[in-house]
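Every chain is named by a letter (A, B and C) in the order it is written, and numbering of its residues begins at 1.
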Amino acid sequence: MYDDPVGDATSALRDHEARRIIEAVVLAATDPVEPSLLAQLVELPVARIEELCAELAEEYFASGRGFVLVRIAGGYRYQTHPELAPYVERFVLEGQHARLSGPAFETLAIVAYKQPISRGQISAIRGVDVESVLRTLLQRGYVEEVGRDPGPGNAVLYGTTREFLERLGLDSLASLPPLGDFVPGPEVVESLERGLRVSDQPVPSSDEPGPATG
Amino acid sequence: MPYAVRTEVFEGPFDLLLHLILKQEVDLFEVSLTRIVDAYISELERMEALDLDVATEFLLIAATLVELKARRLLPSLEDVELDEELLRFEERDLLLARLLECKTFKDAARALEARVRLADRSLPRRAGPEEPFRSLAPDPLERVAPSRLLAAALRALAPKPDPLVSIEHIAPIRASVREAVEWLIAQLPESERVSFRDLVRDAPSKLEAIVRFLAVLELYKQGAVDIEQFTNFGDLQLRRLQEGENALDAASLAEWDDDATPRPPPVRAEAVRE
Amino acid sequence: MYDDPVGDATSALRDHEARRIIEAVVLAATDPVEPSLLAQLVELPVARIEELCAELAEEYFASGRGFVLVRIAGGYRYQTHPELAPYVERFVLEGQHARLSGPAFETLAIVAYKQPISRGQISAIRGVDVESVLRTLLQRGYVEEVGRDPGPGNAVLYGTTREFLERLGLDSLASLPPLGDFVPGPEVVESLERGLRVSDQPVPSSDEPGPATG
């Protein structure tokens, strides 16, 4: 962009130095490092930090390193390459997390998408009492109290934690797949509708016998 | 891999209903509400140990299903009052909406689970800074008030509240068919018609009304009462029959309340009570 | 060394894979990793591991990475490049908002109030395995081994340290705020453990054929 070769060289040097600082700081961190913090240390704009981190990540990936640089829970961190899981697992046994049960995941999904939400509201969606499941989620640090319902009863409201983002490998709640992706397709809706049809007169679309699903 | 035969465990009424409806869709070309209702109720029978709250929810849905089924079996809908018709659709749509919501979150849960499984394949670096730096790091416990530790301890140690103690759930559904039968007999004057609506007017809950209805059916089955209905969806008129009075079949009644009975009735209302 | 080109290609592939595994394992480790352990994981002789590590270290150095691979205390570990010390120092001093994770804090609270307590007992209360959390607390010096359970198994019993008290500004354990009346005794903890297990059980594993999806 500039014709000044010295300026170019200087900025290349700066970038190289900035990358080294990012590498050192992220390596020393125990939690994901926010780009704003890196920007302060390196004295570059946040946007530039993001670019440099993306370049680093790409570089590691391209040269087949055993680690990756990822953006998680709003920051950058090093983690092992997923392909090497079998080796790492053999070495770091205690890193293994206890699996959550299916119902626990359903409750977690409801909290994730509907937060802040009360226990009663979760129960209403699931059709079962969720107390013990919610307790498990609280204990494992996936979910936390985030406030109180201002309405009568002042029910405790729950939301997901930073730990939740880390465990799912998400940068933020915005990176959750949109809930709309999971709304049942027309064929499921139709079969549910038919299953609960009140009158025996066939619904126009289901007149022809034969499964509607493919 | 051999085809594994497993007993399905349904975690809630929506779970079960979803399964039944969607399975029907696969098995049969035409989904039949009748079959679904029957399957639902027989599934209820199969479940032996039902959690109190779960049982209530299962039962309410069973009641809604039975209601939908009953309405479908009625020959003509011509005289239906508009209100009733609307109500009918509301109930159905409400159930449908809840089923869809349940299914949506079920699928979302699977996606989250897959994500966790994927994320589990990578381990983050946790070593932290090496030595000269490590001692520079502020101690995480510095400036932590002991009261926060107390709060954490209480959170961690709090015993799980006994789910059976929850009074709000028990109180409204303290209804057994056997008791309702006794109560009904006391309510029914000899040879005089009584409106069913009057009988359930003071019912404290929907469930209590359902139980009273089951009690009426039981009395009818035993020949203790006669039931008439003059219009579709009209009120039921009950009349106590003389000869049935002393002929109540105690064994049949016991079925409603006794868990150990070999032939459980289709809907075991007392499961809610225990 | 060999003239066989195929064999060369294969061994190059092996070396590349071995380097990746070393990178991943050393990155995930909290302590220096012994070469003998790496040799086992990679299935190569220790001498070859040492060579590969030296190559890796040289590669990082030559390309001016912000981290280095060093041999220390009989093993290999990553650490920050000495030239970047001023940045790492600044980061550690002010940037890193040091925090104990929720689960670590709760585990610490349990040890503080129920000491001496075994790892199994803590796990029972928390409903999850606490090994890695306990390790963090031990490393931090908040918790230490205080004895052995006289019962079968002779489980290690843990308690809090002097440093823990100092950090919280407490004279002795007696100055911890009292838990109050509803603290469960050991027998309740046991039934709680059972309760937790039961509440986690009734759930079909998510792999089971749940309701057919559309």
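Simple rule for what comes next: a residue touches a chain if its C-beta (ideal position, glycine included) is under 8 Å from a C-beta of that chain, and two chains touch if they have at least 3 such contacts.
Fair warning: this is a prediction, and the values are worked out from it, not measured in the lab.
**Q** Comparing centres built from CA atoms, which chain ends up most distant from chain A?
**A** The most remote chain is B.
**Q** Just to be sure I understand: the centre of a chain is the mean of its C-alpha atoms, right? Then which chain's centre is nearest the mean of all of them?
**A** That would be A.
**Q** Rounded to the nearest whole Å, what is the centre-to-centre distance of chain A and chain C, using the mean of the C-alpha atoms as each centre?
**A** Once rounded, the distance between the two centres reads 22 Å.
**Q** Distance-wise, how many Å sit between the C-alpha centres of chain B and chain C, to the nearest whole number?
**A** 45
**Q** In whole angstrom, how far does the Cα centroid of chain A sit from the Cα centroid of chain B?
**A** Their C-alpha centroids are separated by 34 Å.
**Q** Please set out, as single numbers or ranges, the residues of chain C touching at least two other chains.
**A** Residue numbers touching two or more other chains: 24, 27-29, 78-80, 88, 92, 96, 99, 106, 126, 195-196, 199, 203-204, 206, 208, 210, 213-214.
**Q** Which residues does chain B have that touch at least 2 chains other than itself?
**A** As it turns out, chain B has residues touching two or more other chains at 11, 15, 18, 22, 25-26, 103, 106-107, 109-110, 113, 123-130, 133, 155-156, 160.
**Q** Any idea which chain A residues touch chain C in the complex?
**A** Per the touch definition, chain A meets chain C at residues 16, 19-25, 27-31, 33, 37, 40-42, 64-67, 78-81, 83-84, 87-88, 90-92, 94-95, 97-98, 101-105, 132-133, 135-136, 139-141, 144, 161, 163, 184-185, 187-188, 191, 213.
**Q** Contact residues on chain B for chain A in the complex?
**A** 11-15, 18, 20-22, 24-26, 29-31, 33, 36, 51, 53-54, 57, 61, 68, 71-72, 77, 88-89, 92, 95-96, 98-113, 115-116, 118-130, 133, 155-156, 160-161, 163
**Q** Can you list the residues on chain C that touch chain B in the complex?
**A** Residues 24, 27-31, 77-80, 85, 88-89, 92-93, 96, 98-100, 105-110, 112-114, 125-126, 140, 142, 164, 167-170, 175-177, 179-180, 182-184, 188, 192, 195-196, 199, 202-204, 206, 208-214 of chain C touch chain B in their complex.
**Q** Sort out for me which residues of chain B touch chain C in the complex.
**A** 6, 8-9, 11, 15, 18-19, 22-23, 25-26, 103, 106-107, 109-110, 113, 123-130, 132-134, 136-142, 144, 146-150, 152-160
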